[in-house]
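First chain written, first letter: the chains are A, B and C, and each begins at residue 1.
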């Protein structure tokens, strides 16, 4: 029952022949462009040490919550998949875990994981038969062999993938040692960091106290005073810029912002860093800090990303046994119109500030986000995110934002992944879906084909460079410069 | 102006020729499979007595709120359609009512009712001209004649429709006499019940007191004590299982659940069964009872269905004159992420429990339901429901749930109908829409055609059998067993 | 790099050839029908004075917030586009403003503005090259010349556009002088008004006091007493009917209604017209006034339109500098099910009342609006509105409302525009999208082609005439009369 593994060269293009031809022509020009990855979660240690990865399970399965949450949803124990719990990695046989994954490939039919896996197996590893129970051992052995070769070490793959820029994400208390090591090594791969200060902003985060202590140590500031705390943020933002960062990132439970006076902010800060605060205080402090971050961004030119709307660690039992980031984060309804107004009252008319908004609540695309980005100079829309980083999700994003925000208030694709080997697959999906969308506009007489080629280039390369300030010459209007 | 009535053999398949060919090939293998109907509202009396139905109006129009609400929305009086009010059936001439319905067929263009009616008229009754003012009498007479024949008695149609399993829905206070009569008759048709205890759980239901009295009588328990009340539920669940039930069903206004201590629950129960309670108490009691039902399901293995989010009897004037279930139930915004958490804190990691979630709020598909079902072992997604049991509704369901939850966290189709003659039509629509969806995945290179055939079978037969525990051997993983 | 400007005769039709052929055939019969525009914001002064428009910038750019908000979102200053601020029109050179607009045409790719502009440039002005930096001056000069000719005066274009009916919108304090002048002129163009009393209902509106004073003056009523206030509304509604109005319009922030007793209403009125009221009072008064308007509509037969859900003047800085209606209105989540119930408790079963509902929250289409309109005799659905008046927006409207509400609980198209020259373009887009939608239903076997032709006519002409009571003989059921 093993099926051949062959990537359809026309995958994700519309079936209708004329539209497909247009999509093919668009893709022919942009499909092989270098990868610009301005937001993700790969481990900078890989590129610093350039050490070999070990085996299929430890590289591809056990760290990937997209994969194991689906298996878990069907009653498969995480321990049997090699997923670490609060006591560390289980004593699971990696080959057995891989076999279990292989035997349940049908669960991924119709999901983006299936597209990414097919691409990784066919393009990165060169398999010609699909993964299933019958080929599991062959896969496990072949992947292990390849990973032991120099061609599959992190830097070699980075170069093979033609990655022009890759951003990782580090906390405000991170010493950025791996990034320093990368630069010191003389390797030319462009790997930058991103400033993600959530753990020193969210007083409800279990690591808040520890992170604050390190934050104090790294900055030498009195981070327990409001003035010192803000100064520490400014210092660390400068450290991060020195490590290549052009952006910050903020993953709050809601998009709420606040516009408190300096006195109110100071009093709130004293409260939440003391011992007597409420959940409402914690939320208000996160809200005020988004506005503070926007003000700092006006000063230092960093791009601000807001990723709100995830109910983290929803599964109480699993959080108790396994901790965070185990595929149990569930999106919630998110408001932007009221939530962002206090911050926009402060910075909304700035033309030198860039705030990129993401959402897990697709209902906001046409109702809130496109109208906001289609008006405010400082707002741009990030691509379809997380659960919506998928062909249908991307299609809905374009269909529901373009008519109000246009293409030029969006910022190209983010892979947002820690699964390094899937990065080319993810960018390829986005490029194909964008070409399919543009092809339909051309086929239905809404856009000229030469305009579509220009837009396809901008969605792939032009907008991301400009939005994340990756090139000095990228400040010019995108299409006008073409 | 009469048009011929001919069902397009390719109806609901995409027009694009290659995709249509794939859809046809998929449908050729599953279109004629037996019907498994695990959730619906047909009257068990029909199969117990096997009595003839009378005429077109009384069988097809007057009891079907999908049809008469549309006519009512255009200013037609319910009395003129033969719809009963609080005083019983009106003295309307059934032929005249049928004529009014026939003359307004244009109102149903583009609705699923039109698809179902066409199927019933063409396939069940063999008409070759469409219903309209000119053919109304011919239809009325011909249907009346057929209904008087043995071939159109309930059991004969059940067999002709090739129904392998049909679940009805009865309240906790139902003596299940019709189901007993069916089994006693020796007839082999498999008709089971479903435990729906809303009227003894919702203290705001106008029939609560009466239902509780019958609940007490049928169980011999002291249902006015918390302990006796829970014991009565356990007893009646056992009675229902003896009448073939594998599932319970819960139709609350919201999806809210609670996780009270035993002491708190007992106090709440005392309050809501006394004379001094608030709407908030009533809601909290319904919430706690969902958790109690989940705990009972862990004990007795019954599958739990939750159908929340309908604002019942929205039209005050119509409720006063006609009572409930008159096409005036309007969906409301529904939250699942916070609402289900208290129950999931108790049973969320169970792999031996199955809770099937439905929604009338399509915004929850991609934002809440697919992520929940794609993580929690005990959660599955019911099909597109009620207003969304339609081609576009089903398409949105697949497009918005598959990428996160896959196919294998869904449970196949429910017809959810009291319109017995439309059951084959409804299943046929679902099968066609699923084939169309799968055909697109194949045509766009996301799925191999042989995988699509396997999925088509599972969506039609495999998943429903497993989800509703209809076969002893259905516990094996679905596709893995293929 | 200038591209030719040629409107694709098949634009907005599906690419699949058989479906496209059906769409073409449908459009061939309805594409050239007269325009009925029952709701919009053109200036009646144009038709009263029939004065020449001046230049491209003052006619097409500076007053159109669809256009300048997009340019503003990319950092272009409104002053550079000729947009007036609180001090009046800036001293911008109109030709320079036009050049800036021309050089940024890429921003409109994929937006409905692009479709409308192409249509205006190609069909109204006869350009054969697209607008861009290179053709900007040529456009500016050519448009200026044409506007100076008699063929481009307002009445000539009205006739050339084949407008059978055009409704403008005036406040309760408007003397309706332009409408009187139009009638007195003997010109046969049918231009009517619409009663929009928001500024005398919304006590939070900055013009409330001024509008009330004029309201008193025009009616001679004591508008500061509850009884006199209601009488003034009745009088002005009669004035508006005499100026051709068949409808009223209500643009509240929410859809909330109330059902207060006469005593409560009177007390509330006294409060909000005094000096001591809260935001909650203001909201309750707006809510009660929707119900009062519905009651008046039962008396005088005017059709009631409700346009809720816009957060007006979201950009604080811009509102301070430029005032209202500057492209900074952002949609918000809107509830209808609870919000409308108090009003529906009063008028919900009336078959002689027509209330047309609009939304900016597309999530309500399938969840709330279609079920409400598919039940209540007095409710109908207005077309896709504002941000959703676009090909994708219209397609979502049909896909998400038709299956529950049918076509016959909708009311045809509204252009809702102040951009007079774009009216034919906007109606053309709607007609094409409707034909495309119907063509798919035919191609997928859900509708016969001759039925689709009948529906296409009704969506273009039949339903709007009936819904807005534009013809004495339009009271008959639409399709049944065909």
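Note that a contact is a pair of C-beta atoms (placed from the backbone, for glycine too) under 8 Å apart; a residue touches a chain by one contact, two chains touch by 3 or more.
The shown structure was predicted, so the numbers you read here are calculated from the model rather than taken from an experiment.
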Practice item. Work through the pairs of chains, note which ones touch, and then classify the graph as line, ring, star, complete or other. Key: complete
Point to revise | Cα superposition angle of chain A on its copy chain B, in degrees to the nearest 5 | key: 120
Point to revise | Residue-number overlap at the chain B/chain C interface, same or different (half cut) | key: different
Point to revise | Whole-Å gap between the CA centroids of chain B and chain C | key: 40
Point to revise | Overlap residues in chain B, where contacts from two or more other chains coincide | key: 14, 16, 363
Study note, to complete from the structure: The residues of chain C that touch chain B in their complex are 14, 16, 18-19, 335, 337-338, 341, 344-345, 348-349, 351, 363, 366-368, 370-377, 379, 399-400, 402-409, 440-441, 443-448, 450-451, 454-455, 477-480
Review point. So in the complex, which bits of chain C are touching chain A?
Key: 3, 7-8, 10-16, 69-70, 72-75, 103-104, 106-112, 114-115, 133, 311, 314-318, 327-333, 360-363, 387-388, 390-393
